[in-house]
Structure formats: structure tokens, C-alpha cells
Amino acid sequence: IKYNGKRTITPVDCRYRCWETLMAILVAYSVWVYPFELAFMNKSSPHATLKRLLYISEYIVDAFFSIEIILTFFVAYFDPNTQLLVWDARKIALRYLKTWFLMDIASTVPFGLIVYMCTDRHELGLFYQSVFGMLRFWRLRKVTQLFRRLEKDIRFNYVLIRCIKLVLVTLFFSHIAGCLYYILADTYPHSGKTWIGSVNPNFREGHVLDRYVASIYWSMSTMTSVGYGDVHSMNSREMTFNIVYMMFNLGLNAYLIGNISTLILEGTRTTMDFRNRIQSASEFASRNQLPKSLKEQILTFMCFRFTAENLTQQRIMDELPNPICKSICEHLFLPAVQNVYLFKYISTETLLLLVAKMRAEYIPPGEDVITKYEAPEIIYIIMSGEVEVINCEEGKEQTTKTLVTGDILGEVAAFCGKPQSFTFRAKTMSQLLKLKTSSLNETMQTKPDDHQLILQNIREKE
Amino acid sequence: IKYNGKRTITPVDCRYRCWETLMAILVAYSVWVYPFELAFMNKSSPHATLKRLLYISEYIVDAFFSIEIILTFFVAYFDPNTQLLVWDARKIALRYLKTWFLMDIASTVPFGLIVYMCTDRHELGLFYQSVFGMLRFWRLRKVTQLFRRLEKDIRFNYVLIRCIKLVLVTLFFSHIAGCLYYILADTYPHSGKTWIGSVNPNFREGHVLDRYVASIYWSMSTMTSVGYGDVHSMNSREMTFNIVYMMFNLGLNAYLIGNISTLILEGTRTTMDFRNRIQSASEFASRNQLPKSLKEQILTFMCFRFTAENLTQQRIMDELPNPICKSICEHLFLPAVQNVYLFKYISTETLLLLVAKMRAEYIPPGEDVITKYEAPEIIYIIMSGEVEVINCEEGKEQTTKTLVTGDILGEVAAFCGKPQSFTFRAKTMSQLLKLKTSSLNETMQTKPDDHQLILQNIREKE
Amino acid sequence: IKYNGKRTITPVDCRYRCWETLMAILVAYSVWVYPFELAFMNKSSPHATLKRLLYISEYIVDAFFSIEIILTFFVAYFDPNTQLLVWDARKIALRYLKTWFLMDIASTVPFGLIVYMCTDRHELGLFYQSVFGMLRFWRLRKVTQLFRRLEKDIRFNYVLIRCIKLVLVTLFFSHIAGCLYYILADTYPHSGKTWIGSVNPNFREGHVLDRYVASIYWSMSTMTSVGYGDVHSMNSREMTFNIVYMMFNLGLNAYLIGNISTLILEGTRTTMDFRNRIQSASEFASRNQLPKSLKEQILTFMCFRFTAENLTQQRIMDELPNPICKSICEHLFLPAVQNVYLFKYISTETLLLLVAKMRAEYIPPGEDVITKYEAPEIIYIIMSGEVEVINCEEGKEQTTKTLVTGDILGEVAAFCGKPQSFTFRAKTMSQLLKLKTSSLNETMQTKPDDHQLILQNIREKE
Amino acid sequence: IKYNGKRTITPVDCRYRCWETLMAILVAYSVWVYPFELAFMNKSSPHATLKRLLYISEYIVDAFFSIEIILTFFVAYFDPNTQLLVWDARKIALRYLKTWFLMDIASTVPFGLIVYMCTDRHELGLFYQSVFGMLRFWRLRKVTQLFRRLEKDIRFNYVLIRCIKLVLVTLFFSHIAGCLYYILADTYPHSGKTWIGSVNPNFREGHVLDRYVASIYWSMSTMTSVGYGDVHSMNSREMTFNIVYMMFNLGLNAYLIGNISTLILEGTRTTMDFRNRIQSASEFASRNQLPKSLKEQILTFMCFRFTAENLTQQRIMDELPNPICKSICEHLFLPAVQNVYLFKYISTETLLLLVAKMRAEYIPPGEDVITKYEAPEIIYIIMSGEVEVINCEEGKEQTTKTLVTGDILGEVAAFCGKPQSFTFRAKTMSQLLKLKTSSLNETMQTKPDDHQLILQNIREKE
């Protein structure tokens, strides 16, 4: 994984991304397994094989994390001020040492092993175990980072990522609470006065899975505020824990609801906007007691306009820089423009210049593209749909012709510099290419040969 | 249902819409009945007649769905890129085959019947039944489509549609959960250690409706997080199911709350805006210690302005295309304009040209329509309400006249090209027609005869 | 209550408003009492006095409502299209008859009394009572109207009105549910298998208040989804009712949360905006590693600017019509302007003209009011605060003078038409009056005498 | 704590802020302890030492509060109309006496002590104790003020402050409810028919902490709507209290959820915006079936543009006043500008003038900084990043050079007044300083010597 001859890895490297994802999964596993071990895998527990398996898996995770610590010294980072990648090994090391190095180390040292070697005691006391275990939660940072990255990655569905995050958070906390609650019952002197002991006096003899399910059952029924009450606190210690947990859940519930509300708010906005616009058009028609046919016409038009706006997306083209815009126009418009009679025999170079200045627009049916007597500021080429040529004389409108894909509108007026002599009206939803007459003239001035060809094309057609 | 001579149906056809709605209802029924059958209509169940009825109804639904599959090959669709209807039978078929055909077929094949014919066993095992049944849920797509269509249909109330959808979703999930929970109890070997058996040991002998109500009672009390606890999980299997269901409900609850919050947020926005504007006007008055009468005046005006803005809705007129605008103006303004003294004897053709250039506006009482010495840029015609003519000389204002419906404001100044000689102020909420002097002159130039008539009208009046 | 000589009442009349409020309270009372009567005041109930009292109160409410029906024929209404009051008695009557008259009558007829008179039976069956009672809920329209009116009335706090509405809705539904649930238990044949009978077998002998409290306790604990479970459904009938109620509560809860979320969102917006702006300024300083003193300066300025914007509220002045603006300016600025040296001996008439053209603005400390070499477009008069005169020569800034309330800035430059010769910078938060030089000149041209006086004032000062 | 020679304290004084925070903590403590005392420390309670300690602590708090009352007479306040500090001792006193003085006194008088001295009875009745105690809640105003101040203080995290506030509110109400509920049980004549007595008949003999935990356990499980039901109301009095508490919690829950929703909505807005823009760009590419490489290019560019916008933050610079802007520009740009070849040997004074007119901008890679043939309106200096010089001839683009930090773009064209002869395109994310040619020329006119130096620099380079 060398890069740039400097033995540093770029953080956007695909392989490094995979490694990070793997680390996040390992961390999640280790954080998951730890409270379980603490609660159900103690001295007196009979499940020796499972216990050994868990111990071994833990050491493997620790090993992976050690590698991660070493690796971090070789990963370039983005400077938050300039957004440039920093490749300098010394700077990388310094930054890591100053920020998270110490905690990473502390969360990786296998304290259990060290104590065992020094004191020959196989098991630490519950208290020490908890303290050392807490350090492991520090690693959750890796999972948080993964989710922050995924949320910004458009290849993944945002709603899905957010929902998975929420589910994991919920499961994680109910798991922790369930395990802690079991420890409370397990270590209470008077076994019958515990939440699990009062229901099943010999609970310690049950299968580990039964006990785990009962714990999670309690913790989940409390978290979701269902609170059946068949399992409930029996002594002050359990009550105190329960109070803290309920308090915490109040916040967690609000967090879940808030998150999902936000997602829904975002998701329904487009439909809402559409409905609001249509609604106000409909009210306008009703208030003014417009005839039904006219109302129908208005509503249909509003629907089409909404669709047309969504299709056009001019806003995006405006944001893109020149070279990208050019490529897009070339890709989208060149094939169509080459077939227009006006540009027959024209050199591709000139066409490319023209195409780069064109913009596509969707016109809803019924809208006038060009109005009679209008100044010839824009030429339109039909990409799809149909446009009617309307001759309005003495107040009467008469459709004389229908133009289709490949036809061009208003070019005669533009080249002669006289006002438009017809009204052009979209018959169906039509995609038109707009070309400003001024842009056309500008280009023509630099290419006199092609100008002649175009004028000849016009003359020929007439 | 032929169309366009091509034997294809348009999806916006009224009869096809009805068929789709019928299909959605049938699908809803079949998805509803399936878990019920699985849970309560098993081998040992005594309700033979009901069982037979349900079986038959199922085959009828399957038959309808088969017809739907065939029909889909003849329904035109909207191309998402161009928003045009695609009529080509081959394209339609190709699209269907590529997308949902296989799943539609899989969800329609009567596996039960096939197995019965092949193996002579009357009943599939519970496991196979569930797997084949799951395929049926695929059809829910039809219901989702119906709701998506209804949400965009402005003939139906948006809030109502959303609420019905939420209610159905809630009922559906609690129905499913209730049935599954009953299956868990029914198939558990130790009958007394189940949620229903611990309350009523002979539950299997009860009426099917009693058992169904008990299931739904549990599932609903869990879903709404009420959790009375009189009915609760008794064994690990039930607990596990319960945990999953509670987890799911957390999400569902948040989804419900989020949806309704969004609707309320949308619904109260107008009132909020109104209150905010009035509130800040009121604070402005208080902070500057304005006298009470002045404050009263300000607040009244703000209320009126808010109403006026809602009535005018110029924004909608601006969005509509030319031909529709013309029709609206003709419909709304022509009758009133014909009665104005200025346009007596004028040809209807000229009036239509003028009317198309007019815009209606509501003026709240107290606002100046025209200020003295103003340039005569706009002529107003009163559609409703009253307008005072105010003569302000030496700082004193004096009302000289009150104009009513059909009167015209500022026309003398406009035709003589001199500044306005009076202030015109709205006395009540007034609807005025605005006509730009420049638009008027433009039209007059093309119609010299009518110009003479108008000038004569002015002279006569004076 | 005559008005306009037409025997019609205006709906904004203060006495009519009181009557409407009284009606709303009576309606609320009657709707409240009805389910209580139905549940707890039946044949077998021993509380005869209470029963009689409730019956009498009901007839009184009916009487009041009859008066209301008659009154409605004489109340003018706002036409939704024109927002004008309609006084015409015939139109009013027609509108009422077409809309709500029939239902109002139906909800007022004392069916109980009629049946009693016709059939000599003292009590209707429970079923008929319920049906006739339902009609009474129609009257709730009056309460809804009251709240809709209060929500728009700025004399009342919006949040308070909304909260009261939510509380009443909650109480109302839990009252109804409690009463219905009691009826279910009361009419069940097997008394021990009911929710109240299973806890207290002789519940019918208890005090009516105890039974009512128990009902509400159940209904409230279900509505809030607490669900203690000490009181729970015992038979299918109760379970079915409970399922419907829980389902309904899910919606009600979401409605409450949605409403309150909306209020909070609105309430915290200002603070949020402020924090966001300050936050981004702070980040800007940190990212660019600006020295601490500069950062401090930026943040202080941003705070002041925020306050200044809130104080100025120019937006409101812009919305108000001319005559109101004039009154405000006269009230606020005239006393201060009269004391400015520039306007000594000037006629009040001229001052009024000038004052009407002034606008107040708050300038945060540190902002430049006038920059040296600027064109003299605006004259400022200090209303409050302090402004420093700064002489910047050769890049060094030197404070030469401090101006206070009543001083005027930039007047010399304005009258001589030369660029400003000093920088003026706000020292404290200052309120300044802005007067455009062009507006001043305009006014001066119409008042040559006062122009001479002003020029003399300037000369004298120098 | 003298200030301004007037013996008044400014409210923004650091020591006074500390005192206020101390007072808020004391108030919180006293309000916390009061219900506890009332419920658990009554006559019959055996914990004499604890009782005495609490009594003493209470008198200490009262003493501190007395000092606070006196102190308030010497604290200046902000006038809400002008936002200026009012130092006048008489005005301060008057304002305090008119607003909160009386209630402050009433909440501080030790009624218990007075009654004890007058009547020789050691303990007031429960009723009188409650009434006098209620006055103490008046002091909560101090805590509210503290939080309102903290919410506006940008040194503290807004989300954190809001969350702490919500937690405290929740804890406070559950504490109050728990204590009141215990009093209800403690004073009920029939001890076995109370919520605590039915579970533990000898509850009065238990440890005070056990009883307190049980109370809080009940109140928290009700508040969070968990409602286990192991502890529940047993008589009408308790039920009534419970109903009120549940009703209240409904509101509190909605308040919590609403608050947290708002925070989340605010927190996710930036990510949402980013995703929406990228999403629509992606859809645009898909709809138009752009080739994959082009799509990739568009998306990358959009990401960079988003970052660039965040980095630039021009909006903040625009809001800041002249003198602050100058300091920022000097600090940020002077060191870099001094090293540009164009400004070699130029006097610092001139540089300062130029630097004050510069604005920094981030350009995403791929965007054209200067296009060929463009008019030379702006000169750019590279602060960081790389910019390519592109020579486009006959439609082909050719990179001729790469400019880095310290280089200057377009200066030749600007000084010669001819159009740009190259296209400059950002290669990496680049920070550029913009200087308008017109601003440059303006400055040059006032400094002819430096103008000559600059021209010479250009000539030398060529």
C-alpha cells in the first residue's frame, strides 16, 4: 500500500476504506461481547467452552486494533483549514500523538493478561474488570466515524443509513442495560428479592440464553416504555438503576422520534410543495368562480409545469463549471443539432461552439414558446415533443402547422432581425434547446464561412 | 377498452383507475386474511364453514390477480425521462417482463392447490405455508401505488389520505403481530407456559373471535406502548418475538409521530405567519410607545393587508401561460370594464386586448392607491369597494368625493400626461383593476378609431 | 342590539362576542355532562338530587341554544370572496338555512321530553339515548369556532390558547372513554368478569365519585400509554373497546407531540438564528487563526448587530401605508428634530414634511455611519447614543470630537455638495434618523423661505 | 465591587456572574430539599441529625438570598428600548421595587421561625408549611434566568445547555411528584389501602432512602409512561393525583420530544442540504444518461464546491464593519501579499490600502478562475493550492504552466487594459485573493510613486 513513493496511505484509498469498515465491525463486536461476558460468563458459570471462545476472540480483536494503531501513523489526513491532504509523516505522527494515541493505547492493553501474569490470579474483581472494560468503549469512535462517512456517501441511501444507526444505538443500549440489570440481580445477597429471582427462584441454573433473553426482554420493554410489569424491580438498588435507565430512555425516545420526524419532513416536502401550489391554484379558480373548463385547464397546466421544472433542473447546470458544462452539452445536444437543416454542412468545430451555449428547457403543453411580434432574441430547437405554429389574425387563432423533433423555431426572424411573425405554442410536453441570437451572432462573426452556409440553408428552405 | 386503435389502455383512463382501486382492495383483503387463516384456521379448528369460505375467497382473489397480470401488458406507461405516454405494445411488455412480472406470477400461483394435486396431502406444513404466503405480501405494491396516486390527487384531502394510510399501516402490523403471537402460543408444547394459556388454560376451546380479540388486544397494547401486563410473555420464544416487535414499534411510533408532526407543521404555518407579523407590529408600537389609537390603526391595517394578499394571489396569475391568462381576464373583467364610461362605444375586440393586460389587486382600507403629484403610470378601475378622492392642500387632507364600483381612477392624468392632481385612498377593502398607461397607449396606437372614442368620452365627462 | 337601523348585529360587536363565549361554555358543559349522565345517572342510581339538577341544567342549555338559533338569523357575516360584511337579512337567513340550520335544530329538540309526553315512559332505552345524545356533539362546532377565533386574536397568547385547546381535547376524550368503559362494565351480565368488578365486586354500591375517578384513572392511564395494568380489560367486549381506544390514542398522542413540537420550533427560532450567526463568525475566526482580540471584537459586533436589527424593524415601517407612516414619524421624531440647530426658526409645516421622509436606524458600536470622501447622500440626526468624529490622515485615525443626542451629521457636505471630510463612527449603540439629501432638497425647493433660514443656521454655526 | 465611581455593579461583571451562578445553585438546592423535608422529615421521622442539618442549610440559603435582595439595588440594568446600561441608583431601585421586590421578600421571610417565636409551637401544620413553601418556588426565576443567559452564551454548547435544562426539568418534576405521592400515602388513614402500604405494610419503619427511592421509582415510571404497575394507586385520592400527574406528563413528554426534535432538525440541516444537492446532480446525470466519467466529474465537483462555500464564508465578512474588516485583511493577507513580485519595494502604507480591498475565495478544482478573452476586471493572488494556465487554440486545450502560492493571475491584462490571453483553471482546491482592477487603479492614482514601482516590476518580469 505504498503511495507517492512516501510510504503513506491516502484515506480515500479503497483498501484502506475496507480495513476501516472491518475495524468498525470488530469494535462493534468487542463492545457488544464485553458486557455479556461480564454478566453471564463469571466464575460460577458452567459454559466453559463459550467462555474460552469469547476470551480468544477478544485477544484477536486486540491484535487487530494494535495493527490499526501502527497503521494510523502512515495515513495522510485532510487539513481542516485548507482541505488539502497532508502527506508529511512527521506531521501525521505529531497529530496522532497529540490527539487520540494515548486513549487508543489504553483501550488496547490487555490488563487482564498483565494482572494474571503478575499476580497469578486468574480473574480480576468485578470492579476492576468494569473499569478496564470501560476503556474499550473508547473504540466506539471508529463506528461513529464509519457512520459519519456513510452519511455523506451518496452511494448509500441516507434514510437507510440513519435508520440502521438508530437501530444499532437502540440495540446497543438495551443490551448494556440488560446485562447490567442481570449483574445487579446476580450479585444481590437475597436472591428472592431480585427482579429475576422473584419470578424464577433458581434462575442461575437456567440456560444462559434464557437468562439473556429475560434481561433483554426487561430492558427492551422499559426502553420502549411498554412496561408490562411482569418483570419489575424488587429492591432499592434495582429501583435506582431503573430510574436512571428510564430517565435515559426518555431522552433516547425523543432522539429517535426527532430523527425520524426530520427524515419524514424532508421526504414529504416535494409532495407538499406540489399540493400547496395546486391547492392555491384551485382556490383561486373557486374564489373567482371561473368556469369549470378553465379551472381544469389551469390545474392541468400547473401539474405539467411542476413536472417540467423537475425535468429541467437548470439550477444544476448553472452551478457546474465551464469545462464540465461543455462536455454535457456536447454529449446531450450535438447529435440532435447536427440533424437540424440550418446546420447542414457546418463544421463540427463551429457546432461545438454553438452547442456549448445552448440550454435545454422543458415547456409544458399550452405555454407559448414564442409570441407573435416578439423581438427575435432566442432560437429554439425541438429535442422532443410537438410545437404548434399559430397564426393569430384579428383576434382569432389558427393552427397552421405542427413542428416535431429536429425542427427549429424563430431562426428566420433571428437572421433577418425582424419580429416573429407567428406564435409558437407547445402542444405536448416538449424539450427545447434555447440559443440566444446574440450568442449565435458572436460565433458567426468568428466563422464567416459557416455563416454563409447557414444563410444559404435558410434561403434554400424558403 | 380500446384506445387509439391500438388495443392499449391509458393509465389515466377512468375505468382502469376503478379496476386498480378494486385490485388494491382485493390485495388488502387477501393480505389481511392470510395470517388469520394461518393462525386460527388450522387442522384442529372447528369452524369448517368459515374455513371453506376463506379458501374460496382466496382463489377468487388469485383469479382477479391473474387477469391483472394479463392486463398489465396492455397498459401504456409514462416514460420517466420525457413524461410522454408510451403506447408501443412491445415496449410495454418488455418493461413489465424486466421489472415485476416474475414476482407477480410467483405471488399468484396457488401452491397449496398444486401440492394438493401432486401429493394428495390436504395441508402443507406450517413452514411451507408461511414461505408461500410471504410471496403474497409482494402484492402490497398495488396498495402502495394506490396511496401514492391518491396523495398526489388534489380531489382528495391530503391530510385525510395520509391519516388513513397511517391507520391502515398500524392496523396491518398489529394484525400480523397478533396472529404470529397466537401461533407461538398454539404451537408451544407446554400449553400452560404461554401468554394465553397462563390466563385461560383451555383457550383452544374458546370462540375464534375471542382468541383473535385477545391477540389483537396484546399486540395493540404493546404497539401503543401501553403494556398493561395482564397478558405477557411466558417463555423465551415469546420473549424473543416480543423484543423484536417492541423494537419495531419504537420505529413505527416515531414514524407515526413524525408524519403527524409534519402535517401539523404545514397546517399551522399560515396562522403562525400571520401571528408573527402582527406580533412584531405590536411590539414595534409598544417599544416606540406609540399612542393607543395609532397602534390600533397599525394592527388593523396589518390584518387587512394579510387578507388582501391572500385574496389577490397574483403569484398564480404570473405562473399561468398567456392563453389561459387571457381567458381568465376575459371571464373576470370584461363585464365590469364594458360598463366603465371611458370605454363606452368601444369595439369588443379592443376591449379584449385591454382586458388581457389588466391585473386585479386588493387594496386594504387606508392605503393610498394614487398619491398626488405621482406620475400617471397606472389607471385603476374599481371592481368592488369604495375609494376616497382626497385633496391635500397646505398639509390638510380633505375628502372631496367617494368613488364606487365601475368608477375609474387617474385616467385624465394618463391621457393628458400630467401628474395626478388628487390622492386616492381606499376606504374599504377594494378590488381594483390595474392597467399600465403604456399598455393602454400601445393598444390605442393600433386602434385609432377607438382612441378617438375614448378621448371623446373623457371630454364629454368633463 | 340594533345596528345601522337594520336590526342586524355585526359579528365583531363586543356584546355578541360575549354571548358567543357564553354559548361555547354552555355547549362545553352540556357535552361534558351528557356521557356522565348516561353512565352514572341511570335508573338504579341512588343520587336523585344530582340527577334532577343535571336534568334541569340540560333544559336551560337547550333554551339558550334555541335563542342562539333565532339570533343567528340577525347576525351579519363576512363574504369570503370580498371580505365585506353582508347586512342583508334575506341573504343571512338563506345562508343559515342552507348550511347549519337543520343540524342546529336537531341537536336542540328535547327528544327525551317528547318521548316522555307521547309514550309516558320516563326513560328512553340506552340505545336511543345515545343516538339522540350524539346529536348534541354537533354543537361542539361552537367551541371549535371560539378557539379558531382566539387563535387569531393577538390579545391572547398563542401558545397559551393552543395549550388550553390541547388540554381540553385530552380531557374531553378521556372523559368520554372513561364513561363508555364504565357503561360496558355496568351492562355486562357477569359482573365479576368486568374491569371494575374484578377489583371491587360490589362496585355499584360505591360512591358515584369513586366510580368516576376509577373510570378516568383507567382512561387516562391508557391514553398516556402508562398502562399500570392494575385495572384492565376482562372480556372480549372490553378488549375490543380498549383496542379502538388505544388506536385512537396513538393518533392523539402524535397530535399532541406534533402540536407542541411546532410551538417549540417556532419559539426557539430566534435564539437558534442568533447562535448560528455567532457560531459561524466564531468558526471563521478560528479557521483563519485570527488573534484573540480581533475575534472578541468580531463576536461583540455580531451580538450588537443582532440587537440593532431587532430594534430597527424597518420591515414593518415599509409595510405600512403612507398616512400611518406619517403619523408615526411625527409622533416619534418631531420633538427631537425641533431641537436640532439646523432647523431653528423653521415652520412646523416644513418640519412635518421633512419628518415624514425620515427613517430611524440603530447603529451598533464600531460601525462607520459616514466614511470620509463618501458622497453626501444622507444626513443623520442622533436620537440617542454617541458618535465619534474621526479624522484619518496618512493612515492614522484620530478621534477629534464626540457627538451626542440632538447633533446632526454630514449636513455641511450635503448643503455644499462636496464629499464628507470626516469619518463618523458609532461609539455606543446609537439610534440615528436618516434623511436623504435628495428628499431634503426637494422639500427646500417648495419652501424657499425655510431654505434661507437653514443656510443661515449653517453659516452661524461655522 | 465599585464601578464608575458610582457604587453600582455592571451585570456583565465577571464576579457578579459568579455570584448569580452561586445563587442559582443555592436556589435549586433549596427548592429541591423543601418537598423532601415536607414528605420524609416530619414529626415522627427518626432521622434527627439529618433533619437538623437540612434546617440549618435552609437558613443559610435564606441569608444568602437576603444579601441578593440588597445587592439587586446596586446592579445596573439594560434598558430594553435603547439597549444602554442604566447606572442611575434611583432608577434601579424604582424598577426593582415596582417589579419583583415584594415577591423576593415574601419568599425569604422565615415564616417557620416567626411562628415558632410567636406561638412557641415547633412545627407548623402541613397546610401552612405547604403554603409558605410554595413561595420558595418563586426563587426558581433565578435558575430560569441563568439558563436563558447560558443559552445565549456562545462559550457553552447550545445542545448541551438545552439537554441539561431538560434533564433538570424532568428530575425536578419527578422529585416533586414522588414527594407529594408519598405524603398522600403517609397521611391516608387506612395504611394498607395506599400505594406503598399495599406492597410493604410497615413502610414507615424502612430507611428514609428506601422510601424516597420507591417514590421516585413510581414517579419516574409514570412520567416516562413505562408504568410497570407493581406500584399503583389504591384509593380515589391517589387516583386523582395520578390522573393529574399523567395529564401533566403527557405535556412534559411532548415538550421533551419537541425540544430534541428541534435540536436534531437544526443539527442535520447541513448534511441534508449537501445530500440534496448531490442527489439532484446525480439524478440529473442519470436522467440524461450522461457517461459515467462525466457523472463522476459532476459529483466530485459538487462536493468540492460545497466545501469551498463553507470555507469562504464571505457572508460574514460582508456583515462586519469597515475597521474590523481592515484588521482581518491586514492580519490574513499582508504577509502573503508582501511576497508577491508585483508589490516588491512598495510602501507598507499602500499595501495596507490594497489589502483592505481584497477578498479571499476558495475555488474548487476544475473551475475556471479566468477565462480567455474575458475583460481584466479582477486580479487574483494565490494563497494556497495550484492553478493551471491553459492555452486554448482551435478548440484544443493545452496546459502550459502551473502556478503556486504567491503567484499572481491576470495582472498584465489588468495593467495593459487588454483581454486575458489565457484561461486559468484551479487544479486543486485553491484559496485566491481577489482584487478588483478598479480598486487597484483608484489606489494607484493616489500613490504615483508606487504605481511606477509596480509598472517596473511588471516590465522586469517580462
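Order of writing sets the labels: A, B, C and D. Residues in every chain begin at 1.
Here is the rule we use: a contact is a pair of C-beta atoms (placed from the backbone, for glycine too) under 8 Å apart; a residue touches a chain by one contact, two chains touch by 3 or more.
Predicted, not measured: the structure shown is a model, and the values here were computed from it.
Residue contact pairs shared with A-D exceed half only for one pair among A-C, B-D or C-D, and that pair is C-D. If you lay the C-alpha trace of chain C over that of chain D, the rotation comes to 90 degrees, to the nearest 5. Averaged C-alpha coordinates put the centre of chain B at 27 Å from the centre of chain C. Put simply, the C-alpha centre of chain A and that of chain C have 38 angstrom between them.
Along chain D, residues 225-229, 253, 257, 259, 261-262, 265, 287, 311 each make contact with two or more other chains. Taken in their complex, chain D has these residues touching chain B: 80-81, 225-229, 257, 261, 287. Interface residues of chain B facing chain C in the complex, by the touch rule stated above, are 163, 166-167, 170-171, 209-210, 213-214, 216-217, 220-221, 223-230, 253, 256-257, 259-265, 268, 271-272, 274-275, 278-284, 287-288, 290-291, 294, 297-299, 301-302, 305, 307, 311, 364, 366-368, 371, 384-385, 394-395, 425, 428-429, 431.
Those residues of chain A that touch chain D in the complex are listed here as 82-84, 151-152, 154, 158, 222, 225-229, 232-233, 236, 239-240, 242-243, 246-247, 249-251, 253-255, 257-259, 261-262, 265-266, 311, 313, 315-316, 319-324, 327-328, 331-332, 349, 352-353.
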